[in-house]
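Both complexes shown next keep chain A, but they swap its partner, so chain B is in the first and chain C is in the second.
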Partner chain A sequence: MMSTLSRLWGHSTTRSLIYQSAIVLLVSAAVLTLIQTATNNLQRLGIRTGFEFLSDEAGFVINQALFPYGPTSSYGMAILVCLVNTLILSLLGILTSTTLGFFVAIARLSRNWLLRALASAYVELFRNVPLLLQLFFWYFATLRLLPGKRESLSLFDLIYLNIEGLFVPAPVFGQGAALIAGSILVSTVIAGVTLKFARQHRESTGKPFQHARYGYAAAVLLPIATLAALDFPISWDVPVFKRFNFEGGFALQPEFVAMLLAITLYNAAFIGEIIRAGIMSVHKGQREAARSIGLTAREVYTVVIIPQAMRLIVPPLTNQYLNLTKATALAAAIGYPDLFWAVGGSIQAQTGQILELQAITLSTYLAISLLIALLLNWYNRATRLRGRS
Partner chain B sequence: MKRTARYHRIIGIAASTLFAAVTFSQNAVADRLEEVQKAGILHCAVVPGVPGYAFPDASGKLVGFDIELCRAVAAAVLGDADKVKTTKMNLPTSFGALQAGEVDIITHRFTWTFSRDVGTGMNYTRVMVWDGQGFLVRKSLGVKSLTELGGATFCLASGSTTEANAADYFRTHNMDFKSVTFSDMKAAAQAYNAGRCDVYSTDKFGLGARRLTFDDPSEHVILPEVISKEPISPMVAHGEDHWRDIAFWVFNALIAAEEHGITQANVDQMRSSSNNPEIQRILGVTGKFAAKLKLSDSWAYDAIKGVGNYGEIWDRHLGPNTKIGADRGLNNLWTNGGLMMSPPFR
Partner chain C sequence: MSATVRKIQPAQPPPVGSGTRISWLKENLFSSLWNTAVTLLLGWFTVHFTLTVIDWALIDAVWHGESADACPRDRGACWAFVTARWQQIIYGQYPGALLWRVHTAFALALVLPFAFRLARGRHQAGIRATVLVILPVMAMLLLSGGILGLEKVPTDQWGGLMLTLVIASIAIVFSIPLGLVLSLARQSRLPALRLVAVGFIEFWRGVPLIVVLFAFVSMLPLFVPEGRNIDILVRTVIAFAIFNSAYMAEVFRGGLQSVPRGQYEAAEAIGLDYWKTMGLVVLPQAIRNSVPALMNTCISIFKETTLVMLIGLSDLLGVIQLSLEDPDWLGPTHIYGSAYLFAALLFFVFTYSMSKYSLRLENRMNVEH
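So, the complex of A and B:
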């Protein structure tokens, strides 16, 4: 008997089965205990649960709402408006920090000593100071630099800049706006098809496609013709100074600008290093070979080095994008209405539905992060070297 | 060998999850008073950064009205006003900490509202300050009244009732309302000071103190309007009825003490020589009130001895001789035309 048991134990499959069931049991017991405790506590404290509060009136104002929102809108709507603000900030932040990061990487690799030193100083300064401090710095620095409301800077009496933001005229589309949008779409397609056909033509015959210009001309003229035919149904909502500030038009708020500036400068320092590492990982023989077959300096980069470097750049870049997106949650500190601003601030304090709101916040950030990871992983798979895993 | 190491690691993770589950399950406190007395210390949640209520003094120690309320309860329950641990929190986290039992009481100045009281796992104790929302603007704007502020931009702190009150007010008066809302009161004030907004708004008693932190305090003026009722009350967890009774009656004792002229200085003499029956009951000379609260006979004596009566606390932190310079107004005793009245000690 004893020997049977020890033989069973000595069998690695059996042993691992025992280990695994023990772990599954332990973890489920722990999870069940947590759920049980939470339920008991909620009951003991008489806490209202559920998500019905999302349809209650929010009561507060959001100073950057891209679709109609007012204090009578619901909490759910407020969350949606602020989620869009988070997405805009993340997306723009990713674009600007990647662009800046690319130039930083090039500068760090430059043969020019001054450029190299400046880029290195930038990287060390910005990646070593906590983001929240940078955020406060840019916000209050921006505020101190901008002119007061009565001293607004003006450009042709159309665009104004003061401490409350940048005010630009906003287009107001009258009758036939859909037709204009349609014509722009059609001309984009025309331009795309022409471009593709011209390239195919050149690649197969070695000669440029003579008639491409007609295609491009059509693409440009179509929307203009449509506008003319509709008698230019676009008017402009120009900002006008009222009692306290400019009203009308589109306003770019200093909170948004400071947020974008801070996350761009902070993340570009990291992204610059990621890109530099990627470029340096490409063997110098590749560069020499590229030069020796007569590629220009630019082509060496765009055709040979960057495509190979991308394989090393993309995985850490994915991490950086995820960090950037999550860091936008700091926005509440300087009054930019992002998702966490709404959920962690007013909604939580007004409703006290902490568990539900945490669940909403966590799952939303998780969903955004997973989406970014998914897109970049997909890109990574599409561009990896064939034959290597 | 490598494989075994991995199993050990996984088992470690599982065990710590279980440990966490067991630890968290101990939140349900059978009796808060017993817990506090066993720990020998009272855990209060405060939100620092409000001058007069909870603000660091020159030595960095938090002082103010909210801190005194915490000290009064500690004195009554533990016999020593210094046996407090104030946990600095922000508005939402303090609610969570109270619900989870990490703190015994919130003495921050939270407004008593329906939706915070009902169904949120928290109970209010009693109104300790009657405040209202006020407004601060630059003199150069030339504004004399709130009704002229349609279209102005407001700097506010989130998580307070300030935001919704102002939005409601402007909606009912058909005025355009814009706000920039910060997670922190200090950032909101700084942004106003930098010129981002036309108006800074918070509860009236906070405005005067905040003005002193601005570049040029004389440049700013407080408007006459008060647009809201802000009954400020400490909070305890829902379902801890006995604990709520204790907090409620400690606060009442401070108010009754002022009514009877019992002060920090004369409380000993009052206990030994007063022949007023209510004073005798409050100070535990006669009656069995202390036993009913399961506290020692000197509970109210200790509280008054520790922090003084309501008026003394007020004068020390909010009154005319402080930077806040608040007029007592509604916070006067009922005998002076205010709303402060303790139910009878009978």
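So, the complex of A and C:
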């Protein structure tokens, strides 16, 4: 009997099974205890459970709503509006910080010493100071210095900046907007097919595909032709100051402007470093080899350096985008109506359903993160080095 | 025809002026028309900016005063705010008579690395372990009191830079071992353990810290049996440690993956079991390779401590924000600017020296051949 047991124990498969069952048991015991305690506490405190509250009337105002929302809308609608606000902030932030980061990287790689020095000073300064502090600086100390509505700073009388926010022209789509969207979609497909076909042609014959330019031309001309045929149905609604207020256009809240400024400047410092590191890590021999086979300085970059650098840039860059998206939750600290603001503030105070609300917030952020991670994995698989492993 | 050179050619003269200051300027600042234009424009901007800052921050600044009235709008920086609130900014509401305890605690923390390095001889490991455990515990007991006749100072009186440092160091100290265990679990041969580790790590890495902090503070009471109450500082520190352990786990995973497969195989071939393979062969190399990323994570933990002000703790930024909203200092916007710039300077001093130290450490530990 003893010997059978000890033989079983000595068998590595059995042993690993025993260990694993112990782990599963332990984890499930811990989870069950937590659930049990929570249920007891909820009953004791008389807190309602379940997600029915989502269809109840929210009753509070959201000062940036991209689709119809009023105090009589439901909690579910409020959460959706605020989630869209989070996504807008993240997407715009990604766009602006990547653009700025790109220029920072160029400046850091410049041959001009002064430009290089200023760029590194910028990077060190903005990377080493907490984001929340930077956000407060822009919101409480800088944007409040802006003039009032009557003395707005303006850019070509199109964009106005004052203490109440940033006022920009809004596009107005007339009749046939759907047709234009459709034509853009079609031309994207045309461009994609041309690109793919041209690459296949080049790889199989070693020569560029002569007729590719017709495909690209068609892709560019189609939307323009559609626009012309419909007599340009897109107009701009420019903000105009009338008596007491700005009318027309699109008003961006100061909270939004401050947060966008803060995440752009903070993340551009990191992104600049990521891009610089990626470009620097392409071996010097690659540049020299490219020059020696007669490529021009521009081709050296576009055909040799950038494609290799991208493979090193994209993974940390995606990670930075992920950080940026998560960091937008800080905007709630200055009252920007994002997902965290909605769930952590008013709704929680009104319904008291902490568990459900936290579950919604956590799982939404988690879903966004996993989506970005999946995209990254897909990219890595598509661009990994083939032939060698 | 043979091209053999019979006569040794005389050496060519060096390029005129190479290696001098003038040539440095020429190469780095004025190499082309475009470059010269950039240099002049940026140079003008830099000089102008520096002069403005000096004027605002030093010459025109107000250094002393008791309230916002001391800082009129037409003057420069309002350092009076900082000097008047100095004690709160550094120590929070910690009783003035007991500040020696804070100072002693910080002295102990400063002594730690030296004591750690000075440990020599047969009992080196033992002394190091003792120092590593005893000194931080002593420092914490000094701060909180309540034993050995020390008056108890409740954590809601802790604040300022002191609280920032306390939260950051505890979070770092606990998240490192936790992260190491998680990274080992993630590499384990047991699928169930691996699954649990991956789930744990990816969950925390997928959600924002502020949401986690908020969840911990608001939900933790639901998950502990009735009648127990956990101090808000303790809850915060637990949240910080768990959250960052996931990031630390990723740091160590990178380190573990940088150890070549052959090292594992060689260790197994000479008959070492799992723990000896890890402890004697793999981890020493993996940890050394993780140091740069580890320091980066420590820096972000330090910066992230500012988030605790959003859940009601008075860290450095929290104290400053509270003092700014105090009726005494409510007023001109430039007081906000001065206060935030001062806080930024304090943070910068810490994070920048951490990153410089990390570079030095990296060079010292670099044993590549």
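FYI, the second predicted complex is superposed on the first by the 295 of 389 C-alpha atoms of A that agree within 3 Å, B and C clash if a C-alpha of one lies under 4 Å from a C-alpha of the other, contacts with A are read in each partner's own complex, and residues count from 1 in each chain.
To be clear about the criterion, contacts are C-beta pairs under 8 Å (C-beta built on N, C-alpha and C of every residue); 3 or more make two chains touch, one makes a residue touch a chain.
Source: prediction; values computed, not measured.
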Touching partner for A:Ala333 - first (chain B), second (chain C), both, neither: both
Partner chain(s) touched by A:Gly344 [first = chain B, second = chain C, both, neither]: both
Chain B versus chain C as contact partner of A:Glu255, first or second or both or neither: first
Chain B versus chain C as contact partner of A:Asn40, first or second or both or neither: both
Partner chain(s) touched by A:Asn63 [first = chain B, second = chain C, both, neither]: first
Which superposed partner A:Phe140 touches (first chain B, second chain C, both, neither): both
First (chain B), second (chain C), both or neither touched by A:Ser369: second
Touched partner set for A:Ala29, first chain B, second chain C, both or neither: first
Touching partner for A:Pro169 - first (chain B), second (chain C), both, neither: neither
Residues on chain A lying within both footprints (that of chain B and that of chain C): 16, 19, 23, 27, 34, 37, 40-42, 44, 136, 140, 144, 332-333, 344, 348, 354
Touching residues on chain A, where the partner in the complex is chain B: 12, 16, 19, 22-23, 26-27, 29-31, 33-34, 36-37, 40-42, 44-48, 59-61, 63, 71-72, 136, 139-140, 143-144, 148-149, 163-164, 242-245, 247, 253-255, 332-335, 337, 341, 344-346, 348-354
Chain C-facing residues of chain A, complex: 16, 19-21, 23-24, 27, 34, 37-38, 40-42, 44, 111-115, 118, 124-125, 128-134, 136-137, 140-142, 144-145, 326-327, 329-330, 332-333, 340, 344, 348, 354-355, 358, 361-362, 365-366, 369-370
Interfacial residue positions of chain C with respect to chain A in the complex: 27-29, 31, 35, 38-39, 42-43, 46, 189-193, 196, 202-203, 205-212, 214-215, 218-219, 221-226, 299, 303-307, 309-310, 317, 321, 324, 333-334, 336-337, 340-341, 343-344, 347-348, 351-352, 355
Footprint of chain A on chain B - complex, ascending: 3, 7, 10-11, 14-15, 17-18, 20-22, 24-25, 27-28, 91-92, 95-96, 99-100, 115-116, 118-122, 141, 148-153, 155, 158-160, 163-164, 167-168, 171, 176-184, 187-188, 190-191, 194-196, 198, 237-239
